[in-house]
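By letter and in written order, the chains are A, B, C and D; residue numbering begins at 1 in each of them.
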Amino acid sequence: ILTGLSGVAGVVATRPLLAADSAEQLSLEKIDQLLASTRQQGWAPSGLGQRSAFESPQRLPLYNIASGTPLQDLHGTITPADLHFERHHAGVPTLDPDMHELLIHGMVDKPLKFSLADLKRMPSVTRVCFIECSGNLNIRAGEKTTPQQLSGLTSQSEWTGVALSTLLNETGVKGKARWFLAEGADAAVLARSIPLAKGLDDAMIAYAQNGEAIRPEQGYPFRLLLPGWEGNTNVKWLRRLEVSDQPFMTREETSKYTDPLKSDKSRLFSVVMDARSIITSPTYPSVLSKGWTEIRGLAWSGHGKIVQVDVSVDGGRRWQKAALQGPVLSKAHTRFTLPWRWDGTGTELLSRAVDESGYIQPTRRQLIDSRGLGSLPYHLNCILGWQVRSDGQVLYAAEPWA
Amino acid sequence: ILTGLSGVAGVVATRPLLAADSAEQLSLEKIDQLLASTRQQGWAPSGLGQRSAFESPQRLPLYNIASGTPLQDLHGTITPADLHFERHHAGVPTLDPDMHELLIHGMVDKPLKFSLADLKRMPSVTRVCFIECSGNLNIRAGEKTTPQQLSGLTSQSEWTGVALSTLLNETGVKGKARWFLAEGADAAVLARSIPLAKGLDDAMIAYAQNGEAIRPEQGYPFRLLLPGWEGNTNVKWLRRLEVSDQPFMTREETSKYTDPLKSDKSRLFSVVMDARSIITSPTYPSVLSKGWTEIRGLAWSGHGKIVQVDVSVDGGRRWQKAALQGPVLSKAHTRFTLPWRWDGTGTELLSRAVDESGYIQPTRRQLIDSRGLGSLPYHLNCILGWQVRSDGQVLYAAEPWA
Amino acid sequence: MVSPLSKAERLGFGRAVSAQEIQLWDIDVRPDGAGLPKGNGSVAEGKVLYLQQCLSCHGDRGLGGVNEPLAGRIAGDAFPFGRDPGLKKTIGNYWPYATTVFDYIRRAMPFSQPGTLSDDEVYSLVAYLLHLNDIIDPDQHIGADNLAAIRMPSRHRFVVDDRIPIDYRHPEGG
Amino acid sequence: MVSPLSKAERLGFGRAVSAQEIQLWDIDVRPDGAGLPKGNGSVAEGKVLYLQQCLSCHGDRGLGGVNEPLAGRIAGDAFPFGRDPGLKKTIGNYWPYATTVFDYIRRAMPFSQPGTLSDDEVYSLVAYLLHLNDIIDPDQHIGADNLAAIRMPSRHRFVVDDRIPIDYRHPEGG
């Protein structure tokens, strides 16, 4: 019955470090351990599953206003809802879904309030897309920085809700309308002005996330979802949309979320998230061993689909095309992989995304040259590097500022 | 600033039941309630999110061997991992990921054991697909049956793992090999024989589910994933694959999971899940009110993509094509929707899936006629009906047996 | 932009709302002054309120607090933010519209008791902050009649992102 | 079937295993007898074990227990399961291979202490269950030498699903 065992000797010869000595006897303890799970009944079915006691992924709370997704611990493209990044300006409010309504008014034919029950009964749309805080990148990160610490303010879910165009069809919209204000029911009453064109394109009022009710931190009972647009515009705990002929110039789109340029101007409404990518493995704090490994990461763009990700395993001298895991969706985290055999010499890993608009993820230098150093707190989508030291340590390698 | 309010009067006139009297004053209590969440800071960011206190989706444990997904409460196509259905034969074992290994032996060149760390470092694949127990359909369901009670033993995840072909490339496979045994480390040491062709096609050893480590109930630290094949073959807590020239004829593929036919034969290895669909809304226990609603459901097939779902709102006399929510993936739960304006008269709702192989979801009568009544405990993928009573109650309407 | 909405049939969802229901939530203030409530305030009253309710977080005269600095100008109204990442943005050196100060304070401040200030109190706090930023004189009143007309020092520095098509009508006001 | 494997480069993952490591887990028994361990058992020994360890769940002589019925034949070895959904499947009226009985009991029974029976004990239990199902005489021993040769009554009833291409070599054995 031990067919194939004849091959073992050969394996031992060629791979001495890994081979168990086939003459060696297993200890009784080891035998017990190898059979333990087959000797006693496991736990019964339950109403709600729990993670394995051996796994404890965690968001990383930051300054009491945000928490980052553990990108280095995740696989595929979906972020579990309880690990979705948070960014809020006045904490997570508690809203009773039977009371909370969405008011649409302003330059409409009929101002209306919609209940969650209304929304759930209306035509639904589902899409997978990322949300990312446009402040997502820790500018001052040192080398002992994980992807989560570096740029954990992006996550991806399958969202379900009602197209905003469907709701605006109910209220009607006046011919001169061009913008709308989206306002939350949190204690910041957070508000952003959104061009009506986006609202009629792919905006959604999302009440579900990864199949279930949207989580409190993501806007329960519903939020505005603007695929590809900076996180702050995806107003959570949405209570009100006011249609208007002009923007409202709220604090979030003037004092914050504007990008000072080197031309001594400041850019308003830089709402689309430009293409970016990050290698998620190998990265700090993992320690690499020699031989074959798979370089993995995520790439995404608010302009549409990712069409190419280039990876360099030599600090940017040569670039190779990574494989993209399909289906590649528009405005969605896209998993890329590149096989790599590490020979044990120190080097640097880089990734560079290209989207369907032709946009190529820039270096930090290019961003500084085109926009200016002072613009970097937002939309810092530069190429990121990971230094692999000859001892296998992997460290974040920030591009020099100067 | 109250632009558009002039429209209110008209709305009141045409929709008296819904309209608030614009002259009516809000009570102080109501005003407080409408402003409450904006007046106090919410909760701080956290390591792990929690569901809203207003939401408590639950699996439904059945006979201590299974639990069903609350299909009627979910949206989109992803099943949250803690709501993924369960079916196990000896409970959920606890496996230490640092100890547990996967043995591949038998008709291979080199028998090898792979650790979870090995698997995670090897080339990864990610795909979204359903898993369904082939016993999924409560044959004896009465009219007060929810989709969860009726056919909750199907769920969908985004799975990540290693293609089995990649692992078999490491061990090598003898030329005469045709099958392999997949065996779990649970107390049933559950084992199934799988044709090698499937193993080399799209089989995967999955260690991640919806981005995170696979959950204990789904096979932590890894399981066999055979897209489109009956749940039982997707062996969880996988410990061993033995490559062979013939099947092993385990109890799970002889005593169980075989389909007795009216020809006095019994079908072995009916492994592919034929196309099926189920309306998830409106269904019991929801109570429908007159007017516009969206009929929603899920359709899927183990043979590939769903190409069409027909819905009847008159008990099967006429059928309309439902919209399919893209991207439509192969061997995946596919959301379908059909707009419907209910006029308040009693009727019956039905859905019928068609897959890319041309297979059309059959009636129960057709299944009985072609296979026999005794075959129905497994692979009962018949068209399901929901009776809408004139009082708005929605009840499961089983097709008569005779 | 041609609205695609006209073509689709209305489904009949949503309920009509009363003017009071709208008013209760309709707190935004636009650069053209739309949304400004009746009322007015003074720098002096604003200073008192500031000392009581804002100083603990934003510091003396809007500077040096644990939270955002609220005051400060750059000599000659220069705008070197794009070149100098160390520069602190304040109402005086950065904010393009004075209406935003009113809108934001009424929405969100004081941080732990938002929504508790009367409209007159907000006008006074705006007056005090505009004064701290050398935008108005200490004796100037601020109210529904004049806030939108305040011209902010950096108003002309702001440009709309022209890399994507946004059908943008320039807001009126200061 | 041409294996696509020969073309790809090996990556070097996995560790070689000892024969003992394989043996410990390699518990399957095939219809052709591959995998049957040394040993044998008797109906009489099986009956004693059954009364001690199985009766509580599977009932007297394999019938009427809270769990699966294990015994019972249909007159004339008829096989009307496809027509009659009420019929209980048993080892005697349904199971195509006797080796499966050994394999399954050794894997999974007794339910609360699986893996505790010796190989001889499993042979004895198989003997007893085959006897209860009128497949062997009460004095027949069952062991590595003869289990695979037992011809089960419904063996010829099983057909492989021919609706999809499975490259199927018929298992040898009883």
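As a convention for this text, contacts are C-beta pairs under 8 Å (C-beta built on N, C-alpha and C of every residue); 3 or more make two chains touch, one makes a residue touch a chain.
By chain, with names taken from UniProt: C, D = Putative sulfite oxidase cytochrome subunit.
Every value quoted in this text rests on a predicted model; they were computed, and no experiment measured them.
Each of B-D and A-D has its own count of C-beta contacts, and the greater count is at B-D. For the pair subunit A and subunit C, the distance between mean C-alpha positions equals 31 Å.
Distance from the subunit B centre to the subunit C centre is 50 Å, each centre being the mean of its Cα atoms.
Residue numbers of subunit C whose C-beta contacts span two or more other chains: 11-17, 21-22, 25-26, 107, 111, 114-115.
Multi-chain contact residues of subunit A (touching two or more other chains) are listed as 2, 5, 8, 11, 38-41, 90, 105, 110-112, 121-123, 171-172, 187, 189, 292. Viewed as a network of touching protein chains, the structure does not reduce to a path, ring, star or complete graph. Every pair of chains meeting the touch criterion is listed here: A-B, A-C, A-D, B-C, B-D.
Remark: subunit C residues 11-26, 34-35, 107, 111-116 touch subunit B in the complex. The residues of subunit B lying in touch with subunit C in their complex are 1-2, 5, 8, 11-12, 15, 18-26, 31, 34-35, 38-41, 291-292. Residue ranges of subunit C in contact with subunit A, taken from their complex: 1, 3-5, 8, 10-17, 21-22, 25-32, 78-85, 87, 89, 91, 94-97, 99-100, 103-104, 107-108, 111, 114-115, 154, 157-161, 163-172. Partner subunit A is touched in their complex by these residues of subunit B: 2-5, 7-8, 10-11, 33, 37-55, 57-62, 64-67, 73-84, 86, 88, 90-99, 105-112, 121-126, 158-160, 172, 174, 185-187, 189, 207-208, 210-213, 215-217, 220-221, 237, 243, 292-294, 296, 325, 327, 329, 335, 337, 339.
Put simply, subunit B touches subunit D in their complex at residues 89-90, 103-105, 110-115, 118, 121-123, 165-173, 175, 178, 181, 183, 187-191, 195-197, 200, 239-240, 242, 244-251, 254-255, 258, 260-272, 371-377.
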